[in-house]
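Okay, so chain A shows up in both of these, paired with chain B first and chain C after.
The block that comes next holds the complex of A and B.
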C-alpha cells in the first residue's frame, strides 16, 4: 500500500479520479445540495424556489400525521421486504447448492425475479389479486379485495417486492456459498456435526461478508421501491401503502410542492445514512472476512 | 481494509443516488423556470397566411395510448397525406396526462416543446395561467371560423371570459351502466335516476336479480364533481372559479359534499356499494364480469365494457345519477382539449390551426368517436355515415348524447389551479370515511381544509 513515499506528494493519482468525480458532481453532488436548498423554500408550479421558509417544511412534515404514517409504513415495508427477500434468496441458494437433476432449471427460476421489471410484475399481480377476476381469490376461494383493503394492501405490495428482490439475493448467496471451502464441511462431518449445526456454524459465518453486503443493498433498495406501489395502490387505501418515496413523488410531481418533497428526501437520506452507519458498526463485530 | 473502503464507497454512492433520484427532476424544472418566466410575458403572435406555410413541421404532444393512440396516429397520417398546405405533423405520445404536463413544464425552457399539446380538463386553469399559450379564440377570430359547429356544452367548459382557450378534442361524459338482465329478473322496470333510488332497489337486485353487489362504485374524484353538478351546486367559490380564480372550495358551505358523502356512506353501510378501488376504471371489472348490477363510468368506457361483457348480458345505459331524486342540475365533461403553444412563429401557428381544424372536422370526429367512444365535439359529425353506423351498432351511445344536450352549460364544472391535487384529496377522504375512520362531517371538513390550504399556498408562490 505504501509504494509511494509519504513525503513526496504525487498529483497524478488524483487526475484519475477526475472523470468519476465529474460524473458524481453532476449527477449526485449538485442535485444533493440543490435538494437541501429547495427544502428550505416554497416552490411555485415550475418548481422554482419562491418563498424562503427556513425549517418550516421540516416542521410541517414532522408534525404531520400523514408523514408519520409514511415513516411507519416505510419501516414495516422495509422490514418485510428485507427479511422476506433475503430469506427467500438464502433458502433457494442453499437448496440449489447441491447437485441434483434439474438443478439448472431450479436455479434459473429462483434467479428469474431479478429479470422482471417491477412495473411489469406489478401489473401481473394487479390482475392476479383482483377481487372478482383474480386467480388468487379463485384458488383460495376467498373474497378479499387485497389491494383495496387497508389491512392487506401493504403486505401484498411488500411480499411482491420481497419476491422481486429475492432473485438477485439468490445470486449473491449462491456465489457466496461457492466460495466456502468444501473441506471444512467434510472435517465437520468427521467431527460428527449435523446438517443444522453445519448450517449455523459454518455456512452462515462463511456467508457473512456477502450477507452484509446484501443486507445493505437490500435495505437501500427497499427504501427506494416505487414502481409497484405506484401501479398497485397509489399509496392507498387510506395511505396504508404511502411509503416515503411515493409520498415524495406525489408531492413533487403531482402537487408540485418541490419544497416539501425535497425536505422529505433529506429526511429519508438521513434515515438511510443512519441505518447504514449503524450497520457498519455491527459489521465490525459480526462479519468475518 | 480494502474491502471496507470499497463497501463504504459503494454504500455512500447508493445512498446518495437515493437523494439524487428524488431531486433530479425538480432541478430540471428549476433551471427551466428562469427562462420560461420571460416567455410567459410574450407578446401576441399572429398567424401567417395559409398559403405561406409550405414545408412547416409542427409537433403534437398527446396522451393517448393503446387503441386511442392508434386512432390518433391514423388521423395524423391522414392529415399529413391530405392537407394541401404542405404541413407535416409529428405526433408524439408523452405518457399519461400528468406526465405530459410535467414534460411540458421542463420543455418550456427554450420553447423546445410542442406546438400543439393535449391537456386534461383539470389542467385548464394551469394552462391559462401559464402564459405559454395562444387562445384558440384568437385563431378563430383571425380565420373567421364558425364556432357554432362545436357542441356548445363542450365549448362552454373551455370558455372563460367569453374566450375559447382550447379546442375540445376528446371529451367524455359520465354514464350509469346497468345490467338489464338483472333488472328484468328483479322486475324493475324503472331505472333509478339517483343514489337514493338505487338504494331503494338494492335489496330487490340482490335477492331477486341475482346481483353479487348492487353497485360497483369506484372512488373517483370526477364522480364527486359530477354529483355536485347534478345538485346544481358549485365546487369552488368565485363562480366555480370561472369569474375569477377560486380562492376556496364551496362544497363544504353549500352542503353539497355532505349530501354526496352521506348517500355514498349509506350505500356502503348497507352493503350495496362496497369499496372497489380508486380511479375511473376500478368499478368496471365487477360490472363486466356480471357481479355488480350497476356501475358508473365514462362514455369512453362504453366500448371496452361491451367488449368485455361480450353478450353475456344486455348492457343498459342511463343518465348519471343525482344524489336525491329532487336534485336539479347537470353533468359536465371530462377528457382533454388541445392547446396551441406560443412559439413566436406565425407559420407554425397557422399550421397548428389548420391541424386543429382538421381534427375537429365532422369527418375526423366521426372516425374518432367510432374508434374511441369519446364524444364527437362537432355537431355535424352526427350526420356522417361512420357515426350513424357506429350508433346503430352501439345504440347505448345515444344516451350520452341526449344527456349532454339535456344538460345546461351552467353546470359546466369548476376550474381550479390545484385540481389534480384536490381530486386526490377528495378520493382519499372518501376512502377514509368508507373505511370507518371518520364521519362524513369530518371528511368534508378535512377536504375543505386541505384543498383550501393548497390553494392558498399556490396563490402565495405563483403570484
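The block that comes next holds the complex of A and C.
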C-alpha cells in the first residue's frame, strides 16, 4: 500500500515528450513570445529590438486610418470567403450525394480546388480577369479592369479564395452527408416531405456537427489568406485588398517596421482567438445531437 | 376502404436479372398481409415498390382503383415502418411523431392533439421531449409505429419492424401489433423472415422464394397444405422432416415405402390420397414430408387407430430436448436429422430406441422433379 502511495517521480515519460516539445518550442512558442516581445519595441532594419515603447505600437495602430481600413477589408474578405466557400462546398456535396452516371467526374472536379496551389490559381484568375484578353470580360461583354478597380478587386480576390476553399469544404460535407442515415430520407418521402423540406429538416441538422467544424476552420483559414493577394493585387489598389496578413507582411518586409507588424500579428491572433471562443460557446447550444 | 392490387409486378435490376418476378396479389381492405421468405427473396423489394421507394420495372400497382406506378411516395397515401426505425435523430419524439402532419401543413392544435393521442395509445407520453438517441430499442419501435399511425393512411407498410428487438420484447410487440390492427381497422402489409410473426399476425401469408410467389394462403392452410417442398420446409419449427420414399401398389393398396422398400418401412394410403398417389406418382420416387407432431409413439398411434396403416420405424434417439409442455426427440435417418414432438411423459433418453408411427393422413408427398405437392388441394381435384 505504502509503496503505491509513495510512487516515485519518474522522469522517463517526460523524455518521450522532448522531441515534440522541442519542435513546438522552436517553431511555435519562441516565435509567439518573440512576437509579443517585439510588439513592445521599435526595431532596426534587421528586426532587432532597439527602443522599448510599451503600448505605443498598439496605440499607433488603433489610431491609424490604414489599419482601420485593413480591419474593415479583412472582415468583408472573411465574410465573403467563408459564406461563399461553404455554400459552394455544400451545394456541390448535396448535388454529388446521389448516384448517377459520371458522378466520379463531378466529385473530382468539385474537390479539385483543394489540390491547386493558391498561387497557381491566382495566376489563372489573373489571366481570366485581364481587362483586354480575359475570358470574364469577353463573356460578359464588359470592359472592367477587375483587379485594378478598388470597387471590384476585393470581391475578385475573395471569390477566388472562396472557390479555393470550397474543395476541402466539399470533402467535409460529403463525409457529413455520408453519415446521415439514408432511410430517414425514405421515411420522409413516405411521410410526405418534398426535397426542400427534407433539406432543411434533415440534411442541415444532420450536417450541423461537421458544419461547425468547417466554419471554424474556414474562418481561421480566411483570416490567414495571403498568396493570392500577394500575386493578384499586392494589397492594392489603394489598399482595397490590404487585409491584415498582407499589411503585416508589408510593414515587416517593405517598411522594416517589425514592431508594428508584430503588434498587428498580436491583434490578429486575439481576433481569431475571440471568434473561435465565441463559436465554441455557441456550438453547445446550436449543434444538435 | 382501401384495396391494393398488384398485377405481374416485376423488379429487374439488370437485364434478365429479376429481384421480383410476376408478383400478382389482391390485398383486400383491413387485411393483415405478410410477405415471408428467406433473405434475398424479394419481399422487401416488393414492399418498397408498393411504397414508391423503388421503381416498378414491369406490371401494375393499383391502390383504390388508381394506377399508382408513377406516383411519388407521398402521393400514395401509405405510411411505412422501417426495420431500423428511421427516426429523425435531430428531432425529439414529439417532432418525429408530428413530422408527417407538419409537412402536410396541419394546424398546431391538431398536431398537438394527435401526437398526445398516439403517444397515449403507445404509452410513450413521458418520452415526448427525448431525442431518439436516448431511447431503448423497444421505445424507438413504438415511436416509429406512432409516426406511422398518426395519420390515417390507406395502408401501413412494415419492413421487418420487430427484427431488431430481443425475443421477449418481440413477443410482446407482436401481440400489441395484432391489437393495433384490430383497433385501426386498416390494411397492413408486413414483411418478415420470422415465420412465427407470419403465422401469428397474418390473415394471409405470401411465401416468396427467389422473387417468385410460392403460395398465398391463410396461416393454417399454409401449414396444413403447403404447395411445394419449399413452403413445407419453410413454414413450421422445427421444420418438416423429409425422407426419400417410393410409391407403389401392394395387394391393391397404395403404399409408400420409406427408403429402400426391402426395409419394409411402409405407410398405407387411404381414400382420396390413395387415388391421387396412384394418379400422379405411381411407381415413382418421391419426397415424403411429415411434421414433428404427426409422428407418434405406439400408444398414441393405437389411440389414433393408425398403428395398422403404418409400420413402426425403429430408430435410435440422438438428442432429446425437454421444453416442459413438449419434448423433442431427434434421430438420424437417411443421413439427415429428423425431429419428433411427443408428450413430455415420454421418457426415452438419448441413445435409447423407440418405435415411431407416421400418421398416414398427415404425410405430404412431393414430386422429386417439380417439388410440387402430390396431395395439394386434394379436396378440389
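Note that in this section the second predicted complex is superposed on the first by the 266 of 289 C-alpha atoms of A that agree within 3 Å, B and C clash if a C-alpha of one lies under 4 Å from a C-alpha of the other, contacts with A are read in each partner's own complex, and residues count from 1 in each chain.
By definition in this document, a residue touches a chain if its C-beta (ideal position, glycine included) is under 8 Å from a C-beta of that chain, and two chains touch if they have at least 3 such contacts.
Predicted, not measured: the structure shown is a model, and the values here were computed from it.
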| item | value |
| --- | --- |
| Room on chain A for both chain B and chain C (clash or fit) | fit |
| Partner chain in contact with A:14 - chain B first, chain C second, else both or neither | neither |
| Chain B versus chain C as contact partner of A:186, first or second or both or neither | second |
| Which of chain B and chain C A:245 touches, first, second, both or neither | first |
| First (chain B), second (chain C), both or neither touched by A:197 | second |
| Chain B versus chain C as contact partner of A:224, first or second or both or neither | first |
| First (chain B), second (chain C), both or neither touched by A:205 | second |
| Which superposed partner A:148 touches (first chain B, second chain C, both, neither) | first |
| Touching partner for A:133 - first (chain B), second (chain C), both, neither | first |
| Inter-chain angle, chain B to chain C through the CA centre of chain A, in degrees rounded to a multiple of 10 | 150 |
| Partner with the higher number of touched chain A residues, chain C or chain B | B |
| Nearest-approach distance, in Å, of chain C Cα atoms to those of chain B in the combined model | 16 |
| Common ground on chain A, meaning residues reached by chain C in one complex and by chain B in the other | 289 |
| Residues of chain B defined as touching chain A within the complex | 3, 7-8, 11, 13-27, 29-30, 32-34, 36-37, 98, 102, 105, 126, 274-279, 282, 285-286, 289, 291, 418, 420-421, 424, 428, 431-432, 435, 437, 454, 457-458, 460-462 |
| In the complex, chain C residues that touch chain A | 51-53, 72-74, 78-80, 82, 84, 86-91, 99-100, 103-104, 131, 133, 147, 157 |
| In the complex with chain C, residue positions of chain A that touch it | 181, 183-184, 186-194, 197, 201-202, 205-206, 208, 288-289 |
| Touching residues on chain A, where the partner in the complex is chain B | 24, 27-32, 34-35, 38, 42-51, 130-133, 145, 147-150, 209, 212-213, 216-217, 220, 223-224, 234, 236-239, 245, 248, 250, 252-255, 257-258, 261-262, 264-266, 268-269, 272-273, 276, 280, 289 |
